[in-house]
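Please read through the structure below; I'll follow up with questions.
As written, the chain order gives the labels A, B and C, with residue 1 at the start of each chain.
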Amino acid sequence: MARPIITLITDFGLKDHFVAVMKGVILGIAPDCQVVDITHCIPSHDVLEAAIVLRASHSFFPKGTIHLVVVDPGVGTSRRPILIGTQKYFFVGPDNGVLSLSCDLETPVEVVHLTSKQYFLTPTSNTFHGRDIFSPVAAWLSKGISSELFGERVPNFVRLQFPTVKRTGETFIGRVLRIDRFGNLITNVSREDIAPIGKRIDQLVIELGGKTVGQLRNSYADAEADEVFSIWGSSGLLEISVNQASAAKLLQAYKNQEFVLRVLPGNENR
Amino acid sequence: MARPIITLITDFGLKDHFVAVMKGVILGIAPDCQVVDITHCIPSHDVLEAAIVLRASHSFFPKGTIHLVVVDPGVGTSRRPILIGTQKYFFVGPDNGVLSLSCDLETPVEVVHLTSKQYFLTPTSNTFHGRDIFSPVAAWLSKGISSELFGERVPNFVRLQFPTVKRTGETFIGRVLRIDRFGNLITNVSREDIAPIGKRIDQLVIELGGKTVGQLRNSYADAEADEVFSIWGSSGLLEISVNQASAAKLLQAYKNQEFVLRVLPGNENR
Amino acid sequence: MARPIITLITDFGLKDHFVAVMKGVILGIAPDCQVVDITHCIPSHDVLEAAIVLRASHSFFPKGTIHLVVVDPGVGTSRRPILIGTQKYFFVGPDNGVLSLSCDLETPVEVVHLTSKQYFLTPTSNTFHGRDIFSPVAAWLSKGISSELFGERVPNFVRLQFPTVKRTGETFIGRVLRIDRFGNLITNVSREDIAPIGKRIDQLVIELGGKTVGQLRNSYADAEADEVFSIWGSSGLLEISVNQASAAKLLQAYKNQEFVLRVLPGNENR
């Protein structure tokens, strides 16, 4: 039988031992588990960023994977620890919305408020539920413990809003969701968002911070040196890029920055 | 049977290939081994920091885990490579004290000076015992090779002193042990250290760098915005924190900084 | 049977989810695979750096290891995705030379242009072949799929030139290949390069950026405080180091910097 997979997203960084003790707890309960780091470099307490990263990555893991997220500014308060079971995956973490953008893409079948203390580490701290609640629950879950044993079913969970593209006729207002390591700007614009412009996608023009982004390219290397272009990125979202350079630096762009996307009338400028 | 676990702490950082070649060596000898990174971001040559991180993390791993630490400024000199067996764990690394703060919490049963070259990589370099001595020894150990085969037993090992809290009556001098990713100041103060003040722990006042730290909180989110408070951290040590901000920045605090901890007389200021 | 090993070298960094989705894809196909990160901190698009890191690390992994490298500025262009089988290892990545410096040290037996789309993720993006082509091919390869099934054999692959040491009599011009985490300068100088000076290696003098590097040391700790010395590093290459300090900072050295290495005449200065 394949080893069960638990993925981890946290804002714990890489210099401390916090992630490792979670792994120690998991392996103590479920020695055959395969733990995969998605990232631990979420900016501290940035629940939305973690939700976006989980949304972009969770579906590349095999069915049955348990996705564990600990970006948890409300740890120790009344915010609930939860488990969400979907048709393909389990999601475990604080009920602060961090799991919700992924569940929007899946088919949730149950939400469980984690209250069964026999599956927690004892004593259970008020400051590190990643270690004391989420890791042991994920580990027991990976061993086949039935989800309803972890607590009572609840009807809902906190949902974040994926930033939507605003449309006025053929003008769209998009937003920079994230900036990746290469300085590519990952936007919130999907193919569906701009479906109304149909085949005129080649006439797409983007204005961001007073600068104009060139045409849509098929690959990074298709672009000229220093050309700022747009491209459908690997997450299915429009990205703004510069070949072998940082679009973020060149455009002095920032996270959450809005931009205008429109279709050039007629064939001018083509 | 559960896969044996080897944990790693080094000061090798994440950009070079040094950690990976250790893993290559381990997996070449013990293919079923599960290698878990604790951290590789120990400041270069900072033996005490590594010892403190190991102390805070080692006990969350299951019995039988082999903890391998390579922070080794004396590599290639006469400092001994050693293995310490305790009732629950094995510790492998240079005999410079880096293993000692954890062994203070465990029950050591044997110390072995690693001299049996048949378990080393050959040729054995003078610059990278992590690869050439410690990794292969840990790997062979995980396969059940008896510890006395790795060299001769020795009666002792180099010990570091965990920084102690100084007490004068009901005034205590504590110290900042580490600053974590969130900017929390992890101190050397345990519950036992301040047991003498008994139930008046609610009247605790901390002065650090001319600033006063507010009351003891139960969770990060209990605190007001920008409030500097103290809290029992996840390692069982007192921490100085700010909710969703960096106490280190706000207080301009630094590692090893001393602070005064005292009990307010009577009920004033409550 | 031992779990197959796939190693990863990329320039994807640690904050994004790119590496994790590659692991998700691999584990979905080959659940028993052991994925080992070599590094993800290659400077963006630096093919030569990745090639040098792979060369320094690949041979410490057991026979049969699959080395997967994704530093791929030409992704989506006509540059070929390839697989190189050698007597001991498989190498998978873009045909931009990144695999070549390691293959120079191995015995290549086949080169396959990866064209069999049934082993790719579909749809196959133009921007992330690490996820869509290289990871699934490596995973299928680890399951024993025969290499010729991945595409047609080709006679050659793009080769980089390992920077060579230039010699004029007993004067050598070397070069700084990389600077490691500790600030050690890893050079391109091997023992073979300077074999002509024979036993007079103790009279070696290095001049770099107007400064003189002291004698060859046997271990870091043999050196005096602040002494700049040379040492045979763990990769078998000459390094320029300072004990417990950064040679790079002290010498204001930089990658690719050239230096002069010569033998002191007679016995003067000894």
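Observations on the structure shown:
Just so we're on the same page, a residue touches a chain if its C-beta (ideal position, glycine included) is under 8 Å from a C-beta of that chain, and two chains touch if they have at least 3 such contacts.
Note that this is a predicted model, so its numbers are computed, not measured.
If you sketch which chains touch which, every chain touches every other chain without exception. For the pair chain A and chain B, the fraction of shared interface numbers is less than half, so the two copies use mostly different residues to meet.
Superposing the C-alpha atoms of chain A onto chain C requires a rotation of 120 degrees, rounded to the nearest 5. Chain A and chain B have Cα centroids separated by 32 Å.
Taken residue by residue, chain C touches two or more other chains at 14, whereas all remaining positions touch fewer.
Note for the complex: chain A touches chain C at residues 2-3, 5, 7, 14, 34, 36-41, 53, 56-57, 60-62, 65, 180-182, 218-222, 231-234, 243-244.
Chain C meets chain A in the complex at residues 11-18, 20-21, 23-25, 27-28, 31-32, 44-45, 73-77, 125-128, 131.
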